[in-house]
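Quick one: structure below, then a few questions.
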Amino acid sequence: MSDFAMEPLVHDAWYIGAWSHELDEGPIARRILGEDVVLFRSGDGTAAALEDRCSHRGVKLSLGAAVEQGLQCGYHGLVFDGSGACVVNPGERTSPTFCVRAFPVVERQHFVWIWMGDPALADTGLIVDFAWHDRTDEWNFHYARYDIAANYMFMIDNLMDLTHLGYVHTSTIGGHPGEHDDAELTTTRTARGARYVRWMMESTPPPSFVKVAGFEGKVDRWQEFEYVAPASVLQWGGGHDSGTGGRENREKPGGMAVRLFHHATPADDENFHYFFWRLYT
Amino acid sequence: MSDFAMEPLVHDAWYIGAWSHELDEGPIARRILGEDVVLFRSGDGTAAALEDRCSHRGVKLSLGAAVEQGLQCGYHGLVFDGSGACVVNPGERTSPTFCVRAFPVVERQHFVWIWMGDPALADTGLIVDFAWHDRTDEWNFHYARYDIAANYMFMIDNLMDLTHLGYVHTSTIGGHPGEHDDAELTTTRTARGARYVRWMMESTPPPSFVKVAGFEGKVDRWQEFEYVAPASVLQWGGGHDSGTGGRENREKPGGMAVRLFHHATPADDENFHYFFWRLYT
Amino acid sequence: MSDFAMEPLVHDAWYIGAWSHELDEGPIARRILGEDVVLFRSGDGTAAALEDRCSHRGVKLSLGAAVEQGLQCGYHGLVFDGSGACVVNPGERTSPTFCVRAFPVVERQHFVWIWMGDPALADTGLIVDFAWHDRTDEWNFHYARYDIAANYMFMIDNLMDLTHLGYVHTSTIGGHPGEHDDAELTTTRTARGARYVRWMMESTPPPSFVKVAGFEGKVDRWQEFEYVAPASVLQWGGGHDSGTGGRENREKPGGMAVRLFHHATPADDENFHYFFWRLYT
């Protein structure tokens, strides 16, 4: 599908670089927006991200180890702190000009967010908030990361057009394509993207709904998706027995509901890291 | 061997796209002359070939399913018929200009032939006829397809120059290189290629001949090969006990004979699909 | 690490093409300085090297067999001698202009050396001598060959800067980085490279030293390395119990010593063959 006209990757934006727990085992290498990055946690526990290449002899810093002062290169022992400064240069002097590139990082709600563009523009207020990330005591949750060989916009495209459900996810949340064609769709432009609410009234509950909530008759089912450019999609979906007022009060007890946070971090033009967080009642 | 000067691939010609039986399990993806093609059988049983890319969102149509009206894309359910027309567009209208590229296809003698060039030139009279393909009740046969990482002309080169038999196929139909050097060779130009007849009189029967026909002494052995440009080679070979008149009457009872049909469909400049059909008595 | 500025490969030099014993099983294919080479032993036992491509139909000669007169192509049986001349052309005449490129080869001290540049400059006096190669009856030895995906100069860089020992080889010959930082280093320019002698007086014996020689206290340890451009490094290292006069007389009995010959033959700009010979007492 490389013959699709593709938009240039957006650099001045926050992307998810890693799950917080991924850094617990030591530094990790990850390709983000065409650059090799090492993500690690310094001695004080702060997450940081550097160019994954020692400026001394070019070795990948991700092959080294997180130490008290920062990240130690595994070859000759140089240590760089989270700002990219070389703070230990064994047998030699350090110098302010001897450093590696560092990237702004913010750890929040189980994610390590990274800014690959101009650091001066890295406004942390732009980080997408998804309050449900902190309510893991109330909701069951499932998280994952997949490396997918496609431009990241194909994932956004997929999530923002649910007409594929009838054909692709027949054994879980899909099937009955005609009912999907007949869904009511309301779309709203937002400051940083778009939101739609989609209702399938008096529709057949798909296999996963039946399995989780035990529906026996028709359901009033909704799908609410919000795209926050460039890489996040927030999802709220669920259903209630038809005729029980579910459309007027989606949060009423019974039925089923699921909340998901989707994020597609470009590795490069043709690959992305798909971060996926699902909570359900 | 990519530094060989290679001829451009010939587009205005019939190539074998698949064995007929390959389409029985559903659509198949195949690269032919540098293009990704999907071959499938429509609801009425007719073989067809389309560009392997849905014109809606670019998904490979070969991931979909053959349905009554044609080939259904596995992503959003669009259906294209064998002419490439979109006949089902769920939730939307179809349009004469919304289609995928289709390729002329003819199914004959167990093969699905495809024309990748200008459809206006696709004269079915140009399809190579090999009557033996229909005599599977009279002959034992063996068929296969190999994907080979080389320009397809290396296969033609191989088949049309048998001096390699003495060195390569020593445990089956080769060995005794000196006898191959001494073979009598008669070559004839034909309308679409060339034919040669090669006689190895009073020669040593190779291992496969001994195994199949039990030769105990010398044999008069022939190899008749015809190249039909650009991609087919028809073969008739065999042998009789020397001194029994086999040269004058190759079809007389006894001895052994084998007929093969070779076809090398270019996948691209550096790969081809080798279709191979062997009948023997 | 491909963004390092790399020097052009040096063609007019002797490189190790193979271990002598590698040719005992028949011809071998090896990529050297960007060219595909076949190394083999002729019927008279002489090692030779040719371009790995038959000038008839382009097949790799390394797929053929060493025969009395040279190397026989496995496809049509042509034989080329060690000078590249075609000496057998089955069913055809040979011709002085029909040949393959040959490379000067010298077999010495268990190695097959090859010259990929201008043959007129192939002075065998330039081959690096390492007399220890012939003393396998006196010393235990170990040899190996590794194919490494990096520019060959990274290996030279590694061997000529031992400050990495403290960080990389902690379980064998390294550890205690501070002691390595404090080593005394004397460097000398030589006609074809450089030599250094490095002393770590009163230092902690590394794990391998303890294992081999049973050191119980501090050691006076030396490392003497000589680089002979472009691809060889000769090493002599060892240690004696501190205070026993080891620095004045390294060859005195007791303690431990090791001699190594390292050679990095470029396969191309980003790959090399690392030949490694180690003798120890």
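For clarity, chains are labelled A, B and C in written order, and residue numbers in each chain start from 1.
What we mean here is this: a contact is a pair of C-beta atoms (placed from the backbone, for glycine too) under 8 Å apart; a residue touches a chain by one contact, two chains touch by 3 or more.
Computed from a prediction, not measured in an experiment: that's the story for all the values here.
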Field: Co-neighbours of subunit B and subunit A - touch as defined
entry: C
Fraction-based call for subunit C against subunit A, same above half, different below: different
Statement: Chain centres from averaged Cα atoms put subunit A and subunit C apart, in whole Å, by 49
Query: Counting only residues that touch at least 2 other chains, which ones in subunit C make the list?
result: none
Query: If you look only at subunit C, which of its residues touch subunit A in the complex?
result: 1, 3-4, 154, 157, 161, 163-164, 166-168, 177, 180-181
Statement: Residue positions on subunit B within touch of subunit A in the complex are 53, 57-59, 72-77, 90-91
